[in-house]
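Before anything else, here is the set of structures, which you'll find just below.
The following pair of complexes shares a single chain, subunit A, combined with subunit B in the former and subunit C in the latter.
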Partner chain A sequence: MGALSDLKVIEWGEFISGPYCGKLLADLGAEVVKVEKPGYGDRSRSYGPFPQDLPHTEKSGLYLYLNTNKLGVTLNWASVTGAEILKELVTQADILIENHSPREVEELGFDYRTLSKAHPGLVMTSITPFGQSGPYHDYKACDLVSFHVSGLAHMNPSGGVDDIQEEPPLRGKSLQADFLAGLSGAIATMSAVFARHATGQGRHVDLSQHEALASVIRRDLGAATYEGLERIRVKGAQPSTETLLGQCRDGQFFVVCNTDRFWANWVEVMGNPEWAASELFQDRAARRENWDAAKIMIEEWAKDQSLGELVRAAQARRVPCMPVNTVKESTNSEQLAARNYFAEVDREEVGRVRFPGAPYKLSQTPWQVQRPAPLLGEHNEEVLCGRLGYSRQDLAVMRAEGVI
Partner chain B sequence: MQELPLEGIRVADFCHVWAGPHVTQWLAVMGAEVIKIESHLRPDLTRSFFAGGKTLMPGLNQSVDFAVLNYTKKGCTINMTLPRGIELVKEIIKLSDVVTENFGGPVMERWGLGYPDLKKLRADIILYSGSGFGRTGPYKEFPAYAPIIDAFAGLTSLNGYAGGGPVPFGVGGWTDLTAAQHGAFAILAALHHRFRTGEGQHIDLSMSEVGCAFLPDAIMDYTMNDRVQRPQGNRDIAMAPHGCYRCQGEDNWVTIAVSTDEEWEALCHAMGDPEWADDERFRDGLSRWTNQEELDRLIQGWTSNYTDWQAAVLLQEAGVMAGPTLSPQAVVQDRHLAERGFFIDMDHPEMGKVRLPRLPLNMNHSPFGKYEHAPSIGEHNDYVFRELLKMPEEEIARLQEEQVIF
Partner chain C sequence: MLSALRVSYELENPKEVKRAMSALPLEGIRIISFTNGIAGPYAGRLLCDFGAEVIVVETRKRLDTFRRPRLVYPKDTEPDFDKSWSWAEYNRGKMSISVDLKKEEGRELIKRLVELSDAAIDNFGARVLRGFGLDYWGLREVKSDFIMVSMQGLGQTGPEHEYVLWGMNLMPLAGLTYVWGFPDIPTPTGSGGYPTDYLAGVTAALMIMAAVEYRNRTGKGQFIDMAQVENAATIMESVYMDYTVNGRLQERRGNHSPYAAPYGAYPCMGEERWCAIEVRNDDEWRRFCGALGNPPWTEEPRFATVLGRLDNRDELDRRVEEWTANRTHLEVMEVLQKAGVPAAAVLDGQDQANCPQLAHRGTYVRIDHPKMGVASYPGVVMRLAESPGVARRPALLGEHTAYVLGELLGLSEAEIRHLEEAEVLV
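Right after this comes the complex of A and B.
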């Protein structure tokens, strides 16, 4: 039995932010019905990765990961019948998750005011780049734009760049901002579910990706408002982190030396070189002052070392140190294997797929895979006939008319 | 007046530094009574942090780093090195629904407060344990530093300029707070389950497993195709133009992303239909992607004539995804966030007026949640020991003298 197995969710969303919110609920047992456009479906179906790089609407890795544990129906919600069906499904559900533009939602008549009239207990979670209100609420955005406008790209890479005119602020790994919006949306959704306990009254949850991202850099925003800190991207303008991304002869490592104990132990790992005894590195204040010099000396030593030996020696002395793994090393990591972290799921059309599993372990109601991501329209009959009472002939007509 | 969703829920909170406290911050703002248990022997580390790089703060109650993660919580002090201290904590736990901790090793077990012990105090207790790598496995006691976790999970290897090597992911707090949010969600799910069944449970959250949860595309390219992806910078696997373009002024940048032919046409038109836009090399999505280096140079030729906001607004009005790149100090001045009430003024007894970001919680057109100043160390000792535990004055005084309440 899943922790959320009494919850019925309609997921009317695309790509990542809506679907990751739905995934978090589905993976803990909520029944999530995913509504897609007939024909192409969710655009994550065309994102990939694909086995052998051959695009196929049922073989996209991103889609398969995000939509495990969900039922799938197709609906042309712009058609009269399609809209009616979607509304009917929503009336039977506890939660509606959507990530369309506020304008489109209003135009289609799926705004919270309309839906809640028929269903006052509805929790509707709307995930958008800038929220339902405010001067930017009609602005269009994607992961790149959101990451940059919320202050995060300005901070990347850590420590700044050599040339602020040539090296732009950096988003880094793609898709992170979209995942975060889905994650914050899931917490906000549950908070509305709890709020509903007392009165039975639903809520419109307005999740702004912009706010979700800004919330993550709250420490830097607090420093700006309270300490007047003005961050600049020039290398050396930030206080030293006393860390290093270093190069060995066969790979890269990251080490943290920001306490006296870590530094002393790291010096041992390096074989107690004479230079480390210099007063330039005698305490934290001195090391922060002279960290660039320390890095040069450390890198000079590290370039001849074996990555595996260096990391083992550091970890044995409890110095925070890891190899800079690619996904190959992390996927094959003994720690993740010991945790049974990766999920392996058999799925029609694509065969066996392996992807990240539970981001948390719950002792009584564990995360689990109950069904693979749905084929496009896979549960049309089960949902539309089984629950809404349409006949199979109705479905045939709807299919012919492009409603499903 | 909106009811707070977690009113009536109490949390005995041992979390410290960043990842842990952000979990209980969500719970507190949602109305739970979060009792943060510290000690003068071991105050939360962030009480001593000053963002400017210094590590010494006057006193323990002036750090904005602490405040921004611990507002709305109640603070008490209990010396856990003394058996009587542990007894006091057990009394608090008996009255609590959730216990939260993010220690780097089996500290709770050492105190006789591991999950099986807690269940004896309260059968339906929910225990949240956050850590860098989980409470099991060979790395279970490795320290949870964000850049170490990023390196381990593969995020660092994917962070860098297109065609370049890995660089440390500079978004301070990303790894800690995304892990924390998964933790908050898991606690809410556990509370929901308990609400229906009366059953508590133990939540074991690993920051590194959260990190991998956001990398499925890269991980599956490896598991499906044996391919190891490299940094893409501000680029996209399919969209072009898609990047960060220099604008007029120092360190002034705009991001632009085009996902359809319609958006491409809108962009060209907004740029005044330059001749180069008709070039064969940019005729469709695939050609634009193939020739994006040249395309980016040409677009930057246009953006350089405008400031970031000028370019962004012009493009948004044309229906193109675009936005300025803002620094944290610019974000706190942002008018959209101001209108949304994203920054809240709280009056703190020692810090004075503190303006801090709230959580992204909005219900029915308004910000939502309980926002009160972060606790001074031991600020709510009176409440916890006198009102909650109903201890007599003399006993409280004695325990203070004996440095149990300390």
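Right after this comes the complex of A and C.
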């Protein structure tokens, strides 16, 4: 039994933000039925990575990761029958998650006002780039756009380049903006579920990706409005002083020396070199002022060190110093292996796939892969026949019509 | 239509606030916060915004990172731990009590508070609460259905779990920093922000809510062990799977995409002004060209297909930059969006404060603080139309010690005085 096994969810979403929200709830035990368009299915099926780079609807890494633990049906919601079936499914569920454009949702008659008339207890979570209203609400967005408009990109790059102001704001790798939107959607959904427990009334959750992300750069906002500061990207900005991404013989490390204690201990790790006793580095203010010089000296020492030994020595003295891993090192990490972090799924069509597991360990309701991501339309019979009472013949007709 | 209700409260009287908050989803849930920095506090703040009563356990003997006198941008000559806008942002709306956990009597107070609470959030170092007997196993003795989420960097188990980590170590450790940067530079740049802290915060809040849901259904509490590095890795699935499935290590590629061009942040008029543009297919390309007025260069055959645009990316970027350089970032966004092309101005803090979309949604609220005066804070991030949540002001350190001890725990004035004299309430 999972923490949320009492909840039934219909996930009517595309790509990442909707499906990740669905995944989070599914991973916590909710029953999630994923609704995809017949034929192509969710866009993430074409995204990859694919084994040997050969695109295949059932083998996209992104799709497989995002959609474990869900049931899958196909429905052409633009058709009359398809829309009816989707409405039926929603009426039987507690939660509807969707990430379509507000206009499309309204045109299809799936807006909250309409759906809640038939189902007053419905919690509907709408995840959109800018929200359901406002001057930008119709704007098109994708992860890059969301990432940059939220200001997440503005603080990057923060180091490692000669002149930050020569470089454009740098997006993060992987589709963080979309993931964060899905995660925010999940927590907002749960809030609505709680509200419903108290009153029996459902709720509409209007999740604006822009808003959810804008809250992640808030120190910029505080700086701007409280201190009246202009936070331009400068090399001397917080993360780049008193920290160092350094090169060892056999890898890279990241060390944080932003307290007197860390610095003193780090100096010990380096074998108490004479240069560290200079007044240039005698206290935090001096070190911040002269950090470029300190970096050069540290880098000179580090280049001959072994990464493993350096990290162990630092940790023995309680200095926050850890490796800069590629996913290869991370995948082979003893620590993550000891925690059984990675999960594996094995199915005929796909073979064995290993991927990051749940980032939490619940003591009473532990996570597990109950089922791998559904094949396109895999549970049409189970759901449409089993729960809605359609016959197999009905399904055959629907298939012929392109409804499923 | 979204209710535009925005309410800010002065925490004059906790009972009044309680009454006002009674319509909120998490009303009646009390959470103890053993937190520091961003990740733990952010989790608590989200729960607080939805009506939970969150009590931060602080001490003057060991200030939160963000309460410590700041060296970088000191506004006043005298550092004051109640004048930190960072602390205020992450801890807006919570109560603050000052208790020295190193003292036995301090720990007893916490245990008494646990009897009246539902859950706790912990992002202290792995050994800290354990050493005080205030970890989940200790607190479960006090209240059998208690819920706790611990969110250390590496979790609560494993050979390295007692390692010392800061937020900045998480991205390099998870493999995210390695792929964040420019291809022609040997050192990855990583991020100046702390996305992983926020990620961890939101996930922890979700965990608490799921655990409360489970407890309400079954009567059982539970312990959630959330390693922040594992959290960071969950949003990198493609990078991981390319390695586990294909044995391939992805490299840094700046702002480029293997699937789309134009793609990236293009310099606009003014200093440090950029607009992000993504053209994903031929349809968007045609719209893009139309938005530019169909200049002759856009009709070159080499730009006509996606593959062609990717192959000639550098030249394409140059051309686009020529166009964007003569327009403001907001103009570029407007013109392209009108044509149906995904584009967004890169907004900095000031822009966010003035953004019309965010203003429409009431994302930022003005809150008055006894020592810092009026400033803008992010409001409730995730909005329910009927119960939009309440953004309340940040507390002064230890502001609610008297209230919690007196009203909640029922201590007499004499008892409180004794604790003060014994230096338990510092």
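The rule is short, and it goes like this: the second predicted complex is superposed on the first by the 388 of 404 C-alpha atoms of A that agree within 3 Å, B and C clash if a C-alpha of one lies under 4 Å from a C-alpha of the other, contacts with A are read in each partner's own complex, and residues count from 1 in each chain.
Note that in this section contacts are C-beta pairs under 8 Å (C-beta built on N, C-alpha and C of every residue); 3 or more make two chains touch, one makes a residue touch a chain.
Bear in mind that the values here come from a model prediction, so they are computed numbers and not experimental data.
**Q** After the overlay on subunit A, what do you see for subunit B versus subunit C, clash or fit?
**A** On the shared subunit A, the partners clash.
**Q** Touch check for A:376: first (subunit B), second (subunit C), both, or neither?
**A** Neither partner.
**Q** Applying the document's definition of touch, where does A:363 land relative to subunit B and subunit C: first, second, both, or neither?
**A** both
**Q** Given the touch rule stated above, what does A:206 touch, subunit B (first), subunit C (second), both, or neither?
**A** Touch status of A:206: both partners.
**Q** Considering only the touch criterion stated at the top, classify A:320 as touching first (subunit B), second (subunit C), both, or neither.
**A** In the superposed model, A:320 contacts both subunit B and subunit C.
**Q** Taking the superposition on A as described, I'd like to know which of subunit B and subunit C A:85 touches: first, second, both or neither.
**A** Touch status of A:85: no partner.
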